[in-house]
């Protein structure tokens, strides 16, 4: 039985429709991550699940029971708010224990849980302070603490780590992961951090403008994006989306990419595919390699002047990003730091066609 | 055991001491007195409270009520009949007819009078008057002449407080003085439209306008006792005010005939202001006994004397010896007796003895508006007639 | 910098001038209450007393006559306390709960009802006097202190509700949401979240209600019986004398005494005002 | 149980709802009925028609009272708001003696005009008060005699009313000023907004609910101004400072003309309705958006 | 002349000392990024620069003039707050233009600037809304807009992008970079995002507990961290810090690393160094390579069983992370995605000794 089931959910503020026909089903123990551009309705969806915003249509079931119309306090959820929402008059410790106290948890358990959570979140020295005396990241951790001491059916996290530094973020991520695994907790999690999404999720929901674009495992989302929006949105730097022309040629697929001031590039996909003549080719930067001797990868350019003109080279720690222009679009390749690539020079690149996506330029939908 | 809950507005100073006398006597006869004093606005506040009490079904046993208001309340809710007490004590014989009338509701006794204030007094500062060789005026012309002389000499002729009821007090003495008792009766008691619009009435307003000129600039809103103080302190020569002003003089240690003089207002007559208690219909023997006892005590010679000595007024009973009273009081008592015979004993409209609230208020509105603006006498007379007509 | 100092001096000058304006009547009352009657009758009303006398104060407190009782204001004080304290407490609590509902638990028609309550603030009390008397009679609490409390609570609710509602709407929505998710119910949220934030507005509400109720005369005079008259009625009885002699010094002393509790509330509550203000209004 | 819980908010409001319904609107209805009868000393319930209203509109005193209400109410509300806001802003500038000054500004609200009326009368009286004192200092031509000039007397009522209420308004505004999120004020400071603009454009607009409170409190005081007039002028000189409330009281309780009083009360309430309802509507309509 | 000069700045709340002896000098056109763990005092420092918090000691100079005691509005700065601090009663458009309006900028310029900023921030459709009707990320962008329309001496940004999704973040980053370059703006920027710090900064300030740990260019901070804290803090995953013993051996340095259940690993640094006998070896995950045939890199393990036991393998998109245990600490290596590394198997690894840092185990300070 799904722990959370959302059926044809609609939400509007007056005339402004925020969420359109949302359908999500989530099994117990799932870690569902909501991602999407700012303002796409993630927080609103969480609020609807929590019962904090009345919904305009559809139903929400938590743990099998229809909760549409049930008050938040009876939904057995814990939530971390994007804006923290700490109780200003209460100390950090009381902020965290308040929920337990309301539920009548005994004093000893409260103290134990508080101590544990304070350790996890590294806020032990702050317990006696008021929220007004905390830094942004500290407030955020207190907000987390408030949720972590609970043992609800469902956790809702709204960008709970956005104000933490990288190290803390990693350790918090580990704590959340542990929570998920140890307690087999069910979690709905909003984040704009792709690494967070990728490493934590068992299921990712990509939203845009209040509409779900794709639901799938992190690998599915990353490797087989359902449409150009998802392809573009997930992954940083984003997937290269290159307009191309296609011709089927006896068991092979011939792909032609326009190039400014030079002959079109032609690549051959050894698999026969049913594609329209105009497509958009999606390839991740890390799937564009230096072509030297990697025989198992088809060469990008066939014929004489096959190497491409590199425009910008950006070294970034372990990697080097090389940018060229193909099909009228800048195309980024992610190369090893020790690569010999130079700006304003030709360089041989190869696409890993086994990982390439094809999209319809009109609908943006995936074709392969 | 007799019970009495008494709603009254005699709350402070001499007044309160006077009621206390009654309470003592009541207690001495074995009764229980519950005091319910409500002062303010010449009894307005008490009347407000009374109405709330009656509506909540809890009327007091005795209420300080006066003039036509007694009859008015009788019409609304009925009043208790204390005829037995009156009969037994022969009230009929000792009260002036005109005053006894006020105490009766459709022929039976329903209220008991406590005292008689004379309203139409004029008080003078003896020293100033002597200095300028002025005698107490007996006509309004004399008054005007004296005032002009004083004004020329830099003395404020008349101390006056610009409150509605004080304006009305001056007005009624002028009506009485210029028009005589008969005219007063027609105009302010019977509300005869002809009298109200008559030339005499116009003259009255003319005289009011003249008097306005004898009053200092700062009279607005002044309490009557501050006006009295002006006379006392020699800042003004005269004041027209009821006999309670005497209390102020005496309290300041002034002697009648030495420091101040009292005289009836120009034109004479007697405008009375009679305080009385009315009795509401109440349940329970003890309370009804209380009413009877109270009525008897109020009209008792003893009480009438002590009370009025305290208060500065004269007894309503005509048979109380006045030896202990001062000259002004004796003068008042004589005038009352004379007035009862020649018909110049008249109810004061300014103090709610002549008219019911509505018409009285309507007249006061016009009088005070006239006095405090530059309204002409013709306009005033016209408004007077209209106001009275619509308030009937 | 110098123009800044000038500005500051100007600021202080304005503030002090206003302070003088506000203090003027109290000055007159105080000086008058300390003069002898003789001095009042002869001297300037606005001057300082030549000779201090405290007799008027003693008289006003314990021996001035209000009717046949000559015990000063003392006995009536207690009546006022018995009336004002519960009435203030009840109306503040009811107002706080109402304001909480209006601000954070909106339901259909809530705004209309709120407007209706507000409009109720404007009903002239003279209008309600007579029907209220009848109602109190029916309820059997006419002429008693509970009756007075009842009346004051009824006509105080509008204001207390207004105060609390307007204060509570400024509390961030997220706070209530967090508490709801924490499992707190209606009353829990109120007591744990809102009440601790409410000190400033409780102060305002208490000040307002206490002043209104303590100073009320109209209801006091109409709905009290013998023995339950509040101090304002007694003050009025002492001060108001239609045909008697006026003792201004006693009147003024009595007036100040009668007003003392409200003055005290202002001074004390004013202190909590600041404390409440500095403690509250932190965003979480 | 479920139902109970869902309806707790409504249940909490229910007693107030009933109370307001009966004791405000019920009584208004009662008054409306009385205004159509010929009740005098005590209520009578026989229907008579609109005669009371005809009389009311014919009475010159009522005209004066209504006119005064507008003059007085308008001036009083505006001036009190302006002074209250000004003092609040001034006091908000980290003033040394803030505690003392605030108490001084606030205390007049503690005193009923029944208490201070006499003092005010003396102060305003040209022969006793300010005028006499200033003249005593040698300024022979100084004149401050509003109290005794029928056309000016209403302004003395405004003066005393402002004296009484502006401090309370100040307190309301001060509380409001201090509850504005400090981060927002900081943002404005960094934006280089001069202090007066921070107040006028940022802080004051966020205090809209406080203005509502202040307006209601002041309007309530203005409309019910009764003690004030009774204590200060008792409606005089003449009836130059009569207000509808004093008119109504006079009719109901001194004149024994309840029907007339009820009619004047109804007119008064209609005027209040006409002024307050649009204001309330505009204040309450927009949904909360912070 | 430095645009911002902070001298011996101290800040305490009562007894709690938040900032200790801060010294920073910043030239016009510098892009100074403050990083540090949550609660280390970054926001407090910004507030002090802006004049929003009174300072306890030291001086602050902006554009040469001492501003200690000057009110914020006269400091000519623009600031984006961590908590947005939008004017709740004003529309988005007015929030942005209000500052200009007060300065008497003419209507046309206002409109033009507003339009430009709205485009940059992608908030055109929101201009008429009130802040209360915006999502978290939208609010944050409005807060940015308010600063961007200004032309102040100094910009202060407090985690301005924390609530934005990756794509938007990248484009905002570009806008900020453009602002910096085109206007030669001077910017102080707080972030916990290392990529942001690395790509934007001309200078990075690393703080910890109110004390500055290091000031330097991104490359300096990354490659030559001044102490173990900085080494650990910057970079994700963090630099491996491995306790080791050192012996100088004729022009070479011999480094010995303890290993559980096996002989110690010995590496030889071909450079002679003056090191104490106990050190901590710092090496970034991307500087640990697969040892196959990369002859220019010294082999990690010399002798027979030189390969290390891999414990965990975490594939992450373009990379694969391999974790082993050395010197009692887990050590992470960042390998190519196509690497053949397997968990619970031996694998040959090599350190790039040219990029290694040596730290004192006692003081934590850098030694080379």
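When the chains are written out, they are named A, B, C, D and E in that same order, and each has its own residue count from 1.
The rule we apply is simple: contacts are C-beta pairs under 8 Å (C-beta built on N, C-alpha and C of every residue); 3 or more make two chains touch, one makes a residue touch a chain.
Labels paired with UniProt names: A, E = Carbohydrate ABC transporter ATP-binding protein (CUT1 family); C = Carbohydrate ABC transporter membrane protein 2 (CUT1 family); D = Carbohydrate ABC transporter membrane protein 1 (CUT1 family).
Being a predicted model, the structure only gives us computed values, none of them experimental.
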Any chain in contact with subunit A as well as subunit D: C, E
Selected interface, C-D versus A-C, where C-beta contact pairs are more numerous: C-D
Centre-of-Cα separation between subunit E and subunit D, whole angstrom: 60
Chain centre separation in whole Å, for subunit D relative to subunit B (CA means): 37
Touching two or more other chains - residues of subunit E: 83, 133
Set of subunit B residues in contact with two or more other chains: 41, 48, 51, 55
Interface hub residues of subunit C, defined as touching at least two other chains: 129-130, 132, 172, 185, 218, 236, 239, 280-281, 283
Residue numbers on subunit A that touch subunit C, as the complex places them: 47, 50-52, 71-73, 77-79, 81, 83-90, 98-99, 102-103, 130-132, 139, 146, 150, 156
List of subunit C residues in touch with subunit B within their complex: 41-42, 64-70, 129-130, 132-134, 136-137, 142-143, 218, 221-223, 225-227, 233, 236-247
Sites on subunit D touched by subunit C in the complex: 5, 8-10, 12-13, 15-17, 19-20, 22-28, 30-31, 43, 83, 87, 90-91, 93, 95, 98-99, 101-112, 114-116, 118-120, 122-123, 128-129, 132-133, 163, 167-168, 171-172, 175, 178-181, 183, 209-210, 212-213, 216-217, 219-220, 223-224, 226-227, 244-245, 248-249, 252-253, 258, 261-262, 265, 268-269, 272-273, 276-277, 280-281, 284-285, 288, 290
Complex contacts: residues of subunit E adjacent to subunit A: 13, 35-39, 41-44, 82-83, 126, 133-138, 140-141, 158-159, 162-170, 192-195, 198-199, 222, 232-233, 235-238, 284-286, 316-319, 334, 336-337
Subunit D-facing residues of subunit B, complex: 41, 44, 47-48, 51, 54-55, 69, 72-73, 75-77, 162-164, 216-222, 356-358, 360-361, 365, 368-373, 383, 390-391
